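Per-chain residue numbering starts at 1, and chain names A, B, C and D are given in the order in which the chains are listed.
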Amino acid sequence: MSILVDDDTRVVVQGITGGEGKFHAGQMIEYGTNVVAGAVPGKGGQEVHGVPVYDTVHQAVEAEDADASVVFVPPAFAGDALFEALDTDLDLVVAITEGIPTQDMAKVYKRLSEVDTRLIGPNCPGIITPGEAKLGILPGNIFESGNVGLVSRSGTLTYQVVSNLTDRGIGQTTAIGIGGDPIIGTDFVDALELFEEDEDTDAVVMCGEIGGEDEEEAAAYIAEHMDTPVAGFIAGRTAPPGKRMGHAGAIVSGSGTGTAQSKIDALNDAGVPVGDTPEEVADHIEDFL
Amino acid sequence: MKLHEYQAKEVFAEAGIPVPDSQLAESVDEAVAAAEEIGYPVAVKAQVHVGGRGKAGGIKLAENEEEAREAAEAILGMDLKGYTVESVLVEAGVDFVNELYVGVTMDRGEGKPVAMVSTQGGVNIEEVAEENPEAIAREHVDPAFGMHPYQARKAVYDAGVDREHSRDVASILTTLYDLYEERDASDIEVNPVMITSDGDVIAADAVMNIDDDALFRQPDLEEMQEAAYENDLERKAGEYGFDYVRLEGNVGIIGNGAGLVMTTLDLVDYYGGQPANFLDIGGGAKAERVTNALDMVFSDENVDSVVFNIFGGITRGDEVAKGINEALEQFDEIPKPVTVRLAGTNAEEGMEILNTDLVKVEKTLEDAVQRAVSDAEEVNQ
Amino acid sequence: MKLHEYQAKEVFAEAGIPVPDSQLAESVDEAVAAAEEIGYPVAVKAQVHVGGRGKAGGIKLAENEEEAREAAEAILGMDLKGYTVESVLVEAGVDFVNELYVGVTMDRGEGKPVAMVSTQGGVNIEEVAEENPEAIAREHVDPAFGMHPYQARKAVYDAGVDREHSRDVASILTTLYDLYEERDASDIEVNPVMITSDGDVIAADAVMNIDDDALFRQPDLEEMQEAAYENDLERKAGEYGFDYVRLEGNVGIIGNGAGLVMTTLDLVDYYGGQPANFLDIGGGAKAERVTNALDMVFSDENVDSVVFNIFGGITRGDEVAKGINEALEQFDEIPKPVTVRLAGTNAEEGMEILNTDLVKVEKTLEDAVQRAVSDAEEVNQ
Amino acid sequence: MSILVDDDTRVVVQGITGGEGKFHAGQMIEYGTNVVAGAVPGKGGQEVHGVPVYDTVHQAVEAEDADASVVFVPPAFAGDALFEALDTDLDLVVAITEGIPTQDMAKVYKRLSEVDTRLIGPNCPGIITPGEAKLGILPGNIFESGNVGLVSRSGTLTYQVVSNLTDRGIGQTTAIGIGGDPIIGTDFVDALELFEEDEDTDAVVMCGEIGGEDEEEAAAYIAEHMDTPVAGFIAGRTAPPGKRMGHAGAIVSGSGTGTAQSKIDALNDAGVPVGDTPEEVADHIEDFL
């Protein structure tokens, strides 16, 4: 039915008393997500949207038997909040925060290799299993339950592609925004692996963008390990080298690695059709189903 | 944020890396005076963020006052790959016998910084990396531990640096790594490190780019930002807090979310137009941010038409539409045609609200882009 | 190396931890003058490395000049568990409502520093640890990352510190950890952290012990060493570079290697004697080191006899014997009977060389110890 | 025949050009140890006792196919030397250096958990398999090949006990000095495990001392897992609390943990006889054989 999150997922919201955290915790609850606790130092004992707040993530996890957290902590403190989350036995941590210093994330990435917790993000819209749970800021109303998995480095581009699918009556098993930063937890290969194993996912959309080599690695993974058909989209074909296109990770290096063309070629070589427009991506998926 | 060479050298020198004597000059007379004070020969170096300055004529050597004046006259004010040179660094010439490369950057695939040393310095290191990768010794650093001293030595010995200079070069690498870490650099490099005929080891160039997301904890570097902007549009984007990149086309683009804005650029190109810029207005779209975004795009003289592409997620389309109306109502006359496309939550309500005296409205991304492209073409005819 | 309370408080205050006003005094008049300047009430605190100073009469409160004088007179020069009090810290009295414990030490079993917080401060924390271990919140720190801010908060909340003071207490813990790491401490603690009736959080005591093996990179702390010695024998051992511990018996012990010296002490006890000291002379046994070791043991007025136990590994026994002869030949008269036992490489040759006018020689460790024990008994009869 | 080292072990000496390193490299070679390289930054290309010196441990290991190193690097630089050794694929690193700052060792200890290399020491005399190889500073002449394993926190005390054994004609399979520091690589349990698995080791001597809880853990291990008989010795019965007895690790805490009595009791409870004198230890071993 889905990967990683469903209506059993018990969620802690880190930063639930801040503006963003409070608003989106409300949206998540309204969507039906099982938000069981908030965690904010010094705010223990309060309630937000009827959800109890604890001073530490450990207290929240223990008291409410949580298995996932969503992080809305401001960038200067987000690295610490992630270390805190990774120090508990949560299965999943979703980091929404944009603008975490890269060197903080490099340390978090090292720590990730030492624990069993999965991280999604940071600088991502989160993850949604339509009709069951959303952890993050994705607008629930554009999603519909169905049989297509979606994984994307981008937020609003994801919404665009999802609308193109939903408008045609194509629903989603789960959609994951993996984030636009240079260093992220779950990457394309991780997400594709989960969709490949999910019996209910019959096709996958993968929205990449310039920068790094994640898409190339994903292409290699698809060619070797995937039976589920994948359609791709790559943003940033017109990006000049050496300029950061909004996302900290969206940058073509001066030597020309990380270009859209390299990624499109790799995906095509792996048998993945890459749409020139979001509509074309929906066309490819329609063909698969 | 990219520091200018002279700014990076200030940081390096303070950390104990040997750099040549130098002075910044913003006029020909200042440059000549600096050269006289430093003593000949000097190098006169354009302070712009452009690779291959030397080949493009942005660096000239001067043996005497006349040559210094000529060099400064030639370089100051020149256009270097689209950037106007506003200052030069006048620097003592170094009599070198060997040029090395030393640098640290983030290997995002590994999630770790990587220190690099090569004896093939003085040329574009990315070309060396492509053509002769084994000429660069690489040492990944565990960010939890930082760079161990043995790693600096190992990189230097592996690169084949003479044993005679290995300690000095390792010391530069160690200092670069420390700066990389302490100053939240995204890239830091010296290319070339020159070995002089006296056996001294000296940093003849300096690159230091700072992680924008970490500037909040680097207040002294943030102060260098003002001088590091290359032009007024960059400065304006910095002040407004927009992610903005200027390109060479004539279709101005405003959108929300990096991936969607990139896609809009790509579609402009796909439909035969040329994007003038990347501008991510970010979450929400209050009137003030819309006003600022339009101000930016309208200030770019290259822009002939504008496409405004918003996918409302949590933000409601009707609120965005109100913001756009308010922003545009401030103009007596809309300077360039604007096409708006709203999608997502309450998009239809939003499209109805939009003041079509001020903007054109399209329902799909594809249509909006095509409209803006054809508007731009019309202007140029 | 153990810092005195006043030394540790200097380090803490410099790092931003709030401490009460205080002055060090080495005479009664100085103490009274300090009390007058600080203002009453004051605490007069013996500066010796002894646990439970308060119970033993080493800390007294004074409400006025007369009491301050009485307190200083009582404490200065007093014998506190074998140590003579040479100085007192005169400190502003704190009107507290609550006492906490905050500290960092190495958990050797885990190979990691551990940060600790308890609301049961002001008493011997080791007793709390034994009787009520859950009253101490512990947080292990990964030494590669250092202490994350969340860990300080977690320890403070887990310990049950009032939410009102949690930030200030976490801040003290964070600073203590930073000092622990930067200053190569082996233990660092504040017991008690006082919560005043005004809600302030203040470090009322200060313990900071430095890893002797790291003093080489803590030059400013090394300078405090001189003032941190408790007596002349410790000072002498420090100057000679010996591992030396004074005990309460009368059989002086010199040997090489910590385990073997400890074993020699144990055997002295086993055969009915009382060890006077632990003295590890280290590798080799050149005449100068032997001379210094004997000087140390002979300077201890408690010592009645000496056992010198060397197991030559790489060092040859004959060379050690020569060193012992040379060292002892410098004395006109050997002040206390010395029994030597040499073992290991070339031990027999060494035993033959030893000048039996100066020392007694035994072949086994057991015999040598028994001889020294009986020599000491004889002196005491 | 032995554990960890034998005449096939190919040894790099780190710090071979220093006084200690040079002397003991000579002694090791004289004993028959297969010393294949030295490693000292800036001294690459030199030779010591006919052994080639390299600038880095990596170069030494690769060029000479080494599988173990012995570290004689001064304490201020030893932590770095250990990280360097642990970054190669050596099986064994023996750190002789005394006086490495504890916090440097805590970092090394963390690193150890990430690699497959075994560390012995620091602040130890090393390891010897009589008649085959010695890595360290143990005096070869007092050892004799035989069937007793020995593990000890102390140097000269080890020599004392070994003499007591050798004097009676009892030889050793392998003797390991695990070191007197608070944080060490191989501990008692690790060494006992190896001796238990070694067919030729018929009895084991374990020399402990005050400080820490390694001996207590060893007692628990012996009680639960060992068939090979063990005799113990514990130094420091007369040590006062709070004083460091020579070894950085030999200290009874103020609260009275780490005492000799606690260790003796634990060992006795595990059925391990503890000698009051080194001679008594030899008596116990003689009884076992």
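Definition applied: contacts are C-beta pairs under 8 Å (C-beta built on N, C-alpha and C of every residue); 3 or more make two chains touch, one makes a residue touch a chain.
Going by UniProt, the chains are A, D = Succinate--CoA ligase [ADP-forming] subunit alpha; B, C = Succinate--CoA ligase [ADP-forming] subunit beta.
From a predicted model like this one, the values you see are computed outputs, not experimental measurements.
How big is the gap, in whole Å, between where the Cα atoms of chain A centre and where those of chain C centre?
A distance of 55 Å separates the two centres.
Once you find the CA centre of chain C and the CA centre of chain D, what distance in Å lies between them?
The computed centroid separation for chain C versus chain D comes out at 28 Å.
Going by the contact rule already set, what residues in chain C reach two or more other chains?
Residues 142, 144-145 of chain C touch two or more partner chains.
What positions in chain D touch 2 or more of the other chains?
107, 111 - these are the residues of chain D that touch more than one other chain.
Which label fits the chain touch graph of this model best, line, ring, star, complete or other?
Contact map by chain: other.
Applying that definition of touch, give me each pair of chains that meets it.
Listed by label, chains in contact pair as A-B, A-C, B-C, B-D, C-D.
What part of chain C is in contact with chain D in the complex they form?
Going by the criterion above, the answer is residues 51, 106, 108-109, 111-113, 126-127, 129-130, 142-144, 181, 184, 186, 211-214, 216-217, 243, 245, 247, 255-263, 265-270, 275, 278, 280, 311-314, 343-345, 364-366.
Provide the residue numbers of chain C that touch chain A in the complex, in ascending order.
Interface residues on the chain C side: 145, 148-150, 153-154, 157-158, 163, 166-167.
For chain D, which residues count as touching chain B in their complex?
Residue list for chain D touching chain B: 41-42, 44-45, 55-59, 77, 80-81, 83-84, 87, 107, 111.
In the complex of these two chains, what residues of chain A are touching chain B?
23-24, 27, 75-76, 99-107, 109-111, 125, 137-139, 141-142, 152-160, 163, 180, 182-183, 207, 209-213, 233, 235-240, 242-250, 253-255, 260, 276-279
So in the complex, the part of chain C that touches chain B is made up of which residues?
Contacts found on chain C: 142, 144-145.
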